[in-house]
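Okay, handing you the structure first.
To keep things simple, chains are lettered A, B, C and D as they appear, and every chain counts its residues starting from 1.
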């Protein structure tokens, strides 16, 4: 309906292969980004701190996992741990080299989780599917343990936790207790946009194709000269990098501090669910999934009391938590059955409908 | 049944005309003769899973530029043979020499790098991807730009993409699948999927192209198109082709030489006419209506 | 400016040279090839055409030779036309889908020495008829696939051909000079092209057109719709059709607009959408197909979407055309239309690829009024024009604001029209052809001494001076009272009602007009279901009194409208009957192209015809029929006959109905 | 040097010095191994029959135990509660088959695997919703399970053995035996085995696939219930158990996904292995290595024998 494709023709391959070949899409994405930035000025502290910042960070983590599960078809249950690696790496780097700008370290911390990811990815040569999942569980538990039991990682704090020290950019505090949500939001947003752009370059290029190839038909892929191990390990590396960066951002740009059990297996599952519900093999899906699952409890916290309050039934926080688990579980099953490609597919369908409007196809 | 055989015949005849016509144009000499050089040699290859012997002491060769058919009843070990050739299985005995070099335990991607491409009996496309991406994936080996160029949305990696896109478009044009360029292959009818798979194999610019029943489950027109494409590939890109096919009509028209397998053993080898008249083959295969 | 230009540039090569001079970097041609729109600027086109001309010269082509152009719309084929014209060689485009012997006839009749073809298919076809065309010495082809192994002593791929020629020109300045001389030598009065009309009857005739003819005609269109270099047209109709030649070649070069060639016949719709053409020319069937496709698709749409669509289309029907014609429309209607435009019309135009259309023409045959109105009502400025190859297309056109579905408009600028006493339309204009190639006798038949051309169509000017084509002149009969009786015209009027499938009208040499009606089983069947009319067979339904009522209603309307038209009152239908069986090609009642064979049917149903004229109220008829499975059988029926009221004088009140 | 000594020599000296401790550790490991084995058994049952890798087995254990305790706390006699709990497990089996398995039939395994995550989360939520999150005490005595302990003096020291552990071992063994017989002797059992090979075969035995799924999930449910009782009796009934239950996964990797004996052996190896590891080597790493040791063992194992100890080799076809 809003699409006016007539008159949009491509005279070069680069134009034809663009991520957003349609003008309307380009405008749309631009508007969204503009709005996102404007939130820094119009968004309330609650909005930024409790909704947008975490949403973006989870989206990034989900994107990372999606690169692995959705694109390369490698199931991982260790996301939380890989995020942890990023967080702790970043913490160490920040404290060892306080001179260097923290944003550099946030981005650099990803490389450490990438390395760890590759290591735990090695079995993927021999094993697939849930075997691999178990292997990643090993990573999950081992790493979580080391966050707890290796004091060096948290500089021997008595608390055993890591806190974000004060760091500034052009004199403006961006990390630490005095950093305002606005500033942190802008940084998070910028980083997420940047990394999303990179991710889309990857998945739309040769590497992305190779990942999807081994996902869809690994035998054929290998017979076409795609080296399975290399390709899979690359997926592990990139995915873990994104999760690592997300982890670092989570601790230093959102929580302001964390303990080892922040990165427990439930974190891993939460993010996996974001990917499944958002849509395997779709970057947009990562955002949609993160949005839905992260917003769910917030929405329930607001909606349910509003409904049941008047009826004299008080809905406690824990009840909401329980309901959330049930709904999550139900959602997963629902999506796997009804739309295995998740919200992203629904999004696509909607888009397609708009393109062929008023025709059904 | 009768319909089937007749169709095979009618098809046979006009494809024969085709071949003849082209032979004239080409200068009347059968292709195989022009280049006797051997591209791939299979020597005493045996293959067994546990107790089961899939191949027993099979030897034959494929010459540069020829179309070589591998036929035989179901379970004769044809597909296993292909799997050995492109390194998916490793022969328990015997050796396979490709371009003069013998590799023990050749990995599939090594075979691919060496110039062996392959299509599958039951289409093995990347279901989640578009026709274009499937064929582009076939270019993987040729794309050299490193990962760090990839992550930039511009520069050499993109230039490379474009360059290979151009190549792929030629294939799309060649196979006349422009109309489905951007359709997810999962949505395509079987015949077209087979065509796309051929395209994906061609994208590798192979020296040896292995086709596993390229026309299985196709109707007559589709078969005619497909065999025309196969001939064109062989003629224009000089690609050597080894194909497994059940439709005897097709085999007899397309192939320069035929090797016949039965129960993992080779029972005949030679030009279609020779094979056709071989008693063992007639008993084992042609006699059996299919 | 063009007019001035034309004074100097009186041939297409000269015009191309001009374009290369005044707009070297404007895109001249696009071709969707290898997945993207390959583009060529006027500068490049000019260079290539020059090279091709040289190439042809080097092949030994001489002024006055003929070359055949065979294939789908490809830039290089258009350029080869220009290249030939450059060195005074006459191009002869040939329908690429014509069967071998037809092609053989044209090629040999035109004595072509060179054929420029699209691909292997055409090459094979030409080679298969080569010996019937002794003059043919060379073959150029555009698409190289599958041709590598052919004998290349006499055939050449266009690409290589062009490169060699370019190289040669670079090497030898003399050739360059030669190009200059050749260019200067051709004049507007020279023969520009021979277009063979795929004659419905008899052999194709080669219509000879000079540059002056074609340019004059093209000029009409360019001025009428002030075409400019910013316009886009998509070329997908046969090169050999005068329409394509004028619109995609002549006007393109004259106005410097951009010609877009689709990737393949299957992708035309997408390609048209991608380009978003501003100017279009197509026979009615193209628009018909688009509309049917639309309706079919909408059938599968959800109920809400369907009803919304239906609502707005109805609204468009009500006010759309008035709005397009800039007539006054109520504010509320206008608002509604604006909403509809957002929700339905402009999305539709977008899907059709007609979003940017300035004006679209339909010609060739009569377009169904409802189809015509549909496109106009959703804001596509579709116009009818009446044209002929012999006139280089333009005979009449519809000026803005004076567009009626049932007329083909006023005489085009610079065209004189007269109608002789038996209703045949004659025209005279600068575009009028020189004659039929090697067929003076036919030429004499068609062209009067004073330069008028017999169109072979019968028609008349209606109250507001618009020409109305009623039938082929030779089919137009006379009633005993001398009034005109155009069967097709009457039949078509009735056939525009969806309930009526076929009509066979009689009256020539009779006192009044009568007709057989075939009801449309699907349409009437639906109607029957809705009004729970039970029927066992077509025959039963056909004889159902209610159905008779309905059809009588239609006939009455037709009579009313006929009454309002000058010369047509006499053609009103006095009596009709509904045939007990569907007219069927298997029974020889229709041609294979579904045209009624009036004479044959008259004999076959003799008793009915007599009954129509002897005043009896019903008649018995036994006819042998061929069933689906090929069995023969006899069906007998008693067919009722209806008398109709006739309206004599045109009542002012009725004006609107027209 | 010193580190090497600490790793490779000291622990063994220690074992030698205090053999009773070693035995004690091994026994502990043995018992928890048994419980791992029981959970693994649940996995195997379902995997064999429906090819589904049931991630929810762990939570099923918790859920079963919770229902049992829950019913009892409503004042229902222990035995009745037990029966009711069994009933609930049957209900669960039916629901899962209807709601999850049937719609997802013929989907790739990985999808079904993920679906069981869904089941897991749903059950966690449901369990906490109904019974609340706080730990419960298992009704050991009411189910006539032995309590208390006995010390055996041996090797100049003593080994303490919880009676419940003995019971656990015994019951586990009985149950495994029963299952063994069920699989080899009964018609349904054979049918289940058939399903593992081919679904047609199963139908030929005259049991619909859906029935079979219900049966195996029910069986797995009962196994879960028993496991829950045993485990609950040793510690208490809490959702923490669900995480521990994940250790059944490495067990399966060792034992192979389709082999009951594999599950048992694997369970014991993991159980004993991690106890000894924790007790003798844990301190070197600051303790708590139990949480991952099992997985790392499995991981290393995967590299060399992906199909597990008793699983059959997978041959890929093109």
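Side notes on the structure shown:
By definition in this document, a contact is a pair of C-beta atoms (placed from the backbone, for glycine too) under 8 Å apart; a residue touches a chain by one contact, two chains touch by 3 or more.
Being a predicted model, the structure only gives us computed values, none of them experimental.
Of the two interfaces, A-C and B-C, the higher number of touching C-beta pairs belongs to A-C. Distance from chain D peaks, on a Cα-centroid basis, for C. Centre-to-centre separation between chain A and chain C, using Cα means, comes to 59 Å. Computed centre separation for the pair chain B/chain D is 50 angstrom, with centres defined by C-alpha atoms. Centroids of chain C and chain D (each the mean of its C-alpha atoms) stand 79 Å apart.
Annotation: 47 Å between the Cα-based centres of chain B and chain C. Residues of chain C in contact with at least two other chains: 35. For chain A, the set of residues touching two or more other chains reads 12-13, 16, 219.
Shared interface positions of chain D, i.e. residues touching 2 or more other chains, are given as 318. Listing the residues of chain B that touch chain C in their complex gives 22, 25-26, 132, 165-166, 169-170, 172-174, 176, 178-179, 181, 232, 235-236. The touching residues of chain A, when paired with chain D in their complex, are 73, 75, 120, 122-123, 126-127, 129-131, 133-135, 137-138, 141-142, 144-145, 148-150, 219, 265, 269, 272-273, 276, 318-319, 321-333, 336-337, 340. The touching residues of chain D, counted against chain A in their complex, run 53, 99-100, 103-104, 107, 109-111, 113-115, 117-126, 128-129, 133, 243, 246, 249-250, 252-253, 285-289, 291-292, 295-296, 298-299, 302-303, 306, 316, 318. Chain C contributes residues 30, 35-39, 272-276, 294, 297-298, 300-302, 305, 308-309, 342-344, 346-351, 353-356 to its touches with chain A in the complex. Contact residues of chain A toward chain B in the complex are 12-14, 16-17, 197-198, 200-202, 205-207, 209-210, 212-213, 215-217, 219-228, 234, 281.
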